[in-house]
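Please find the structures below.
The two complexes that follow have chain A in common; it is paired with chain B in the first and with chain C in the second.
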Partner chain A sequence: MEFLRPQALEEALSLLAEHPAYTILAGGTDVVVRRREGRLAPEGYLDVTLVPELREIWNGESIFVGAAVTCRELEESPILAAVCPLLAAAASTVGSPQIRSRATLGGNVANASPAADLIPALTAADAQVVIQGRQGTRRAALPDLIQGPGRCALEPGELILGVVLEPFRETARWSFDKIGRRNALAIARMNGAVVLEEEGGQMRNVRLCVGAAARRPVRFRGAEALLEGQNPDKDLFRRAGEAVSQAILEETGMRESSRYKLPVAVEFTARLLENAARRGQA
Partner chain B sequence: MKLEFILNDKPVSLEVEPDMTLLDLLRERLQMTGTKRSCGVGECGACTVIVDGEPVNACLYLAGQLPGRWVYTVEGLSKDGKLSALQQAFLDHHAVQCGFCTPGMLMSAKALLLKNPHPTEAEIRRALSGNLCRCTGYEAIVEAVGAAAERGSS
Partner chain C sequence: MDQKGFIRADVREKVTGEARYGDDLVFSRMLYARAVHCPHPRARILKIDGKKAMEIPGVVGIYTAGDVPGLNQGPQDKPMLASEIANSAGDGVAVVAAETQEAADRGAALVEVAYEPLPAVLDPEEALASRPPVVLYQEDGLTDNVACRHRVVKGDVEKGFREAEVILERTYRTQRIQHSAIEADTAVAVPEKDGITVYCPCKFPYHIKARVAQGCGLAQNQVRIVQPAIGGSFGGKDIDIVVIAVRAATVALRTGRPCKMTWSREECMQEGSKRHPFRLTYRVGAMRDGRITAIKIDGVADAGAYRSRSLATIWRAAVEAAGPYEIPNVETDIRAAFTNNVYSDAVRGFGSPQVDFASESLIDELARELNMDPLALRRRNIVHEGSVNATGQVLTGVSIDRCLDRLEELFPLGEPSVTPEGKLRARGIACLHRGESYGAAARDADVAGTDVRAFADGSVGIYTSISEVGQGTHTAMAKICADVLGLPLEQVRVCPVDTAFVPDSGATAGSRGTISGGNAVRIAAESLRDILRGAAEGEEDVIFQDGWLCRKDGRRLMTFREAVQICQSRGVRTDAAGQWVAPRTGWDFEKHQGKTYYSFSYGAAGAEVEIDPVTGKVEVLDLLCLHDIGKIVNYPEACGQIAGGVAMALGYTLTEELESRDGVLKNKNFDTYLLPTAMDIHRLRAIPLEETAAENPLGVHGVGEASTALVAPAVANAIARASGARLRTLPFSLERVRSALEKEER
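Moving on, here comes the complex of A and B:
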C-alpha cells in the first residue's frame, strides 16, 4: 500500500498525475468511514495535509481558504471572524470536537454530501472553488461543481486548492442554522445560510442556500427576488420560506421525507432571515 | 513503512502498514487497550486520543499520517502510578459507571483543559459533545471536569 505525502503543491500535482486513481486523503473523517463500510477500497493514498499552500488562510483582495484547513482552524481563525464569520459559524457545527480537529474544507466540498455543513455557507458567501489540474487552475461555483449526492465534478488529476470569497462588507447581515436530532454528531436534516446587505433599511444582494433539502446545493433565486429591495418583515420572511419550500418540491418531487421537510423549510428559512435581520440590529 | 512518533512522551519506532488506524496500532500492535473500540466511524468518542494537542478519533486516524506527531492516550495521564487530578476527580464525583466511555471522556476533557484551564460549564459540555455515555451519566462527568479545573490541574 503506497501512502504518498507530498510537501509541496508541485509535488502533489505530479504525484496525482502519476497516480490518478489514488485516494486523496486529508482528515480521513469520510475516507476512513467509507473504507470501513466497504464503499471505498483505496489502491493507494495521497495525503495532502503537508502541502503548505493548502493549509493557509489569507486575506488579500479576496480571502483564500486552503482545502486542507480543518474545521477547528476555520472556527478559530481571526481572519474569518473579521471578514467571513459565516464560514466560522458553519464550521463550528460540524460533527464533534474530534471531527473538527480533522475534517477539512476541501474534504467537505469533495465528498459532496447533500448534508455537508460548509457547503450552504460557502454558497451563500458566493465562494469560488479553486481547482488545479495539469492544464492549470480553474474556478467553479459550488452549485456548478456539485452535481448530486457524492458527485463533485473533478477531473482525474485535479486537486481542490481551496476557495476564494469576498470579505463581508460592514452592511452584511448573515446567519447559519442547522436542524439535527442532537447538537453534536448529527447529520443535518436541514441546514442553511443567508447573506444579505442592508442599505437604508432595505435588503440587497440576498444570497440564500438551504442544504440537505435537494440533491445538490442551490440558491433559491425565487425567494431571493422576493426579498430584494424590501424591508425586513416577518410576513415577507414567511413568504420567502414558502417559496423555498415550493422550489424544493419542484427540484426533488414528492419523497418520503417531503412531509417533514417541506413545512420545516418554511419555518427554517423564515428563522434564518429573522436571525440575519436581528444580527443587523445588534 | 517505518513509523516513528512520540507516544505518551516516549519515542516509538515500528514497522506498520500505513493504512492501519491509530486505534488498531495502539490496541493490536502496542497492546495498549486503554483506548476503547466501539463504533469505528467517529460517532461515539470512545477511542478519543490527543494528537498534537487536539482531540481526535483514533479509529479515523491512519498510521501513515502519524510520523513525528505527539500522541497522548489515557495511559499517559497518570504519573509514577499516581492518578492525575482529572482521573481522581472522575472517581471522587462517581463519574465512572460501566467505564467504557471513560478513557475517551478523560482525553476529551484533558484536551479542553490543556487549551482552556478554566472552562465554563457550557465549554465543558461542548468539549464532551463528541463522547457518548450509554449509561447516561453525563452530569457527574461534567461536574468532575469542572472540579479538576477548579483545582487548577488536570
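Moving on, here comes the complex of A and C:
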C-alpha cells in the first residue's frame, strides 16, 4: 500500500495520472471508516489535503471554494459569511468539531452520500463542481455529477478542484435545516436547503433541494415551479412540501422509512420555505 | 454541607493520559489473540479448520473449546468458547494467537468453521410459550426456557380491583442497550511458575479470580488478578472479562507466553453482555381520590442465551416494580426467558430503569385518568416511615416525601406551552425507591473486607478490592480513613487492586462501593486507631487530629508517625482488618415476601422537554435529578455520579438501541449505536441531598445507579403533558414520537 502526499497541484495531477486507481484522500472521515470496515482496500492513497490550490476560498467574479477546504473552515470563513452563508450553515451541522476539522468539501461531494450535508446547500446555491482531468478542466452541476448513493461520476484520473458559485444577491433569501437523531455526530435523517430571490414581494429563481430522502439530493423542480413568481404563503409552502413528498415517493417507491419520511418531507419543506421567507423580513 | 469537596486521587493521570489501562500493557514475548465469532443465532459447530490461518506468518496457534484447560461452561453459563452448539450470534468459537495483533486478526478471518444452522428462538414471549419452537437447555434437563422467575405477593389483588373505582391496564416495553464503556474489554494473562496472573479491568476481582481458576483448572491460590486503570464499567466488565481472561489464559497456559486479548469495539457490541429488554404489563386499580387499591404486574425479560446475573436483576425488578408506593394488594410476576439473542447481564441500574420507566409512566397515566395532579397522586400513595412495602417489609429511613418537596420547590410542573415556532413544551416528573447492595436473593454474601496499614513514615495504605471504575470510590475511602485517623487526605492512599494483597470486598455493584467499602475501611481504621493509641501509654481519651495524637483538650502528644514507629519498635503490628457485614435480609421464595434489601434510597427527578411536532425530535431542555444519599462524602463527586447516570439514562430514553435482524445485531459501532453527546444535554442539575442518614455507621447511601432510572419516565411524562401522546416503548425515536403525535391528532 502506497501513501502519496503531493504538496502542489501539478504534482497531484501527475501522480493521479500515474495512479488513476488510487483512492483520493481528502480528510478521510469516510474513507478511513470504509477501510476499517474492510469495504475499501486500494493499492494506494493520494492525500490532497496539502495542495495549497485546493485549500483556498477566494472571491473573484464568482466564489471559488477549494476541494480540500474543511467544514470547519467553511463554517468560519468571513467570505462565505458575507456571500454564501448557506454553505457555512450547512457545514456547521456536519459531525462534530473534530470531524469538521478533517472533513472537506471535495470529500463530501465525492463520497456522494444521499445524506451528505453540503450537497443540498451546494445544489441550492447552484454551485458548479470544477473537475480537473487529463484533458483539462470541466464543470458539472451537482445533480449531474451525483448519480446515486456513493456514485460520483468522476472519470479515472479526475480530481475535484473545488466549486464555483455566484455570490448571493441582496434579494437572496435562504435557509438550511437538518433532522438528526442527536445534536452532533448525526447522519441526516433528512436535510434540505432553499435559495430564492425576493422581488417586489414575489419569489423568483427558487432552488430547493432536500437530501436523505431519495437516492441522491436533487432539486425539486415541480415544487420550485409552484413557488415561482408567487407571494410567500403558508398554504403555498405546504403545497410545495406535498409536491416534494410526492416526488420522493415517485423516485423511491414505498420503503421502510417512507412512513416517517413522506409526511415529514411535507412539513419539513414548508418550514424550510417559511424560514427563508422569514429571514427576508428580518 | 461542604460543597467544595476534594480532588480525586486518580484524576490527574487520567486527564493527562498517563494512566495505564489494560490494553497499554506489554510483556516480553507477549502474544496477541483474536476470537472467531459465530455468525448464526444458533448453530451446531461441525468443524473448525485452522489450516489457512496457520499459514499467516506470525500465527502461532488456534484454540477451541477443547483447549480450555478447566471448565469451559457451567450449566446455562456463557461458555469460554462455544463447543458443540453456539447459542447466539457473536459467540466465540475459536481463538487465534499470533506474534502481532494484525496477524491474529488476519488469522481469525481465515479460520474456516462449518456450521449447521439450527432453529432459533428470538422472541422472549415465544420462548416462554407453552410450546416453544426451541428449548435451549434441554440437555441440562430443562423443559422450558424460563431462565428465572420472581414473584411478589401481598394482600389480595382481586379484592383490590373489586374495590377500585378506576382500573387501567398498560403495557410498556424497553429495549436492549449496552454499557458503552470507552475502554473496550481486555485482559492480559501472564503465565507464572505456578499459576497465572491476569491483568484486567473488572468490578469484582474475586469473582474473576474464582472463575479464571475454574476455567484454567487451577486452585484459587494460583490465580492473581491485577487491575490496571479502568476505563469505565457501567455495570459491565464482569462475565465478559471472565470470558476474555480465560481465553487469554488458555493461550498463555498452552504456549507458556503472556497473551493479550482486547475486544474490538465491534466485538464488544456483538458478543458483550447487554441490559435486559423488558415487556411489562401493569394493571392498576384506584379510588377516585387517588388511593391505589391494587396493582398487578406481569413482566417478561429477555435473558438472552446465557444465565449471567439475570436472577438478581429480575429479582430486583420484581421487588421494585410496584414503585415507592404503599399499596395494600400487589401481585408481581416477572420471568426471564432464554432466547438465542446476545446474553443480558447487569448494566448500571440492574433492573430498576426498566420497571421505573413502566411504574412511573403508569402513575402519570393514572393521574390523567383521575384528572389529578401527578405530584398529588404520588403524595397520596408514597411510602412513609413505618410503611409496609410490597414485599411486606416495614420501612425505616424513608425520605421520598422530602425528595418530592424539594422537587416541587425546585422544579414546579407548571403548564404546558407552545413556542412561537410551534414546538411543544412541558415538564414531567418521576420518583423512585431503590434497594441497596445485593439484596436477599443474591448468591454472594454481602460482606466487604478491607485492610488498613500504617507505615513507618506515617503514610497509610488501604487494601481493598472495591474497584475504581471512574466513580471516585477510592478517594472516598481514603477520605473516610483519613477522617478516622485524623490525617490529611494526602497521607492516605488506596493501593492498586491486586488479589495477591487485597482482601475480598465483594462486587463494586448494586451501588454498594461506598456503603460496603466505606464502612469496611472505617472499621479497619478504627481498629488501627485503637492499636496506635497504645503508643501513648498512660494517656486516656487520646484523639487523632491534624496528624497528631492529642489529649482531649487538644494538647499534642506525638505525631501519627511517631506513634506508628513506637508500636513497630515494640513488635506491634500497625495494620488492621475491617470486615463490613451487611445487615441481614431474607426472602421467602414460597410466600414471595421478605426483607429484600437492608435499606432503600429515594430520589426524584424532573424533565422539561421541547418536542418538534414536524420531525418528532425531543429536546430535553432541563433535567433535575435529586437523590437522598444520606451523608455526602465528596460533594462534587456525588454530583458527578448523578450527572453521569442521568446522561447515560438520556441515551436510554432517546437514542440508544441495539437492533437485530434474524438474531444478528445490526449496530456494529458507535456510528449506528447513538450515545448522547454534550450537545444533547442542555441544562442538567444533579443534586445530592442529606435528608436522612442511611442505616449504616457512615450513614451513606449508594449513588451509582439510582440516577439511571428516572430520566425515561420523567421525559415520557413530560412528552405526554406537552402533547397528549403517551410513549410506552423506549427509546423515543423520531419515528415513534412522530407517529404517537399523529395518533394523538386523530
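What we mean here is this: the second predicted complex is superposed on the first by the 282 of 282 C-alpha atoms of A that agree within 3 Å, B and C clash if a C-alpha of one lies under 4 Å from a C-alpha of the other, contacts with A are read in each partner's own complex, and residues count from 1 in each chain.
In this section, a residue touches a chain if its C-beta (ideal position, glycine included) is under 8 Å from a C-beta of that chain, and two chains touch if they have at least 3 such contacts.
These numbers were taken from a predicted model, which means no experiment stands behind them.
In the superposed pair of complexes, A:Ser96 makes contact with chain B and with chain C alike.
In the overlay built on the shared chain, the residue A:Ala184 is in contact with chain B and with chain C. By the touch criterion defined above, A:Val33 reaches both chain B and chain C.
For chain A, the partner touching the most residues, choosing from chain B and chain C, is B. Look at A:Tyr260: by the touch rule set out above, it reaches chain C but stays clear of chain B.
When the two structures are aligned on the shared chain, A:Phe268 is found in touch with chain C, with no touch to chain B.
Of the two partner chains placed by the overlay, neither chain B nor chain C lies in contact with A:Ala41. Look at A:Leu25: by the touch rule set out above, it reaches chain B but stays clear of chain C. The interface of chain A with chain B overlaps its interface with chain C at residues 33, 96, 183-185.
Residue ranges of chain B in contact with chain A, taken from their complex: 1, 17-19, 21, 40-43, 45, 48, 51, 54-57, 59-62, 64-65, 108, 111, 126-127, 129-131.
For chain A in complex with chain C, the touching residues are 33, 96, 179, 181-187, 189-190, 259-260, 263-264, 267-268, 271.
Across the complex, chain B is touched by residues 1, 3, 5, 25, 27-29, 32-33, 36-37, 42, 45, 47, 49, 72, 95-99, 101-102, 183-185 of chain A. On the chain C side of its complex with chain A, the touching residues are 614-617, 619, 654-655, 671, 674, 676-680, 733-735, 738-739, 742.
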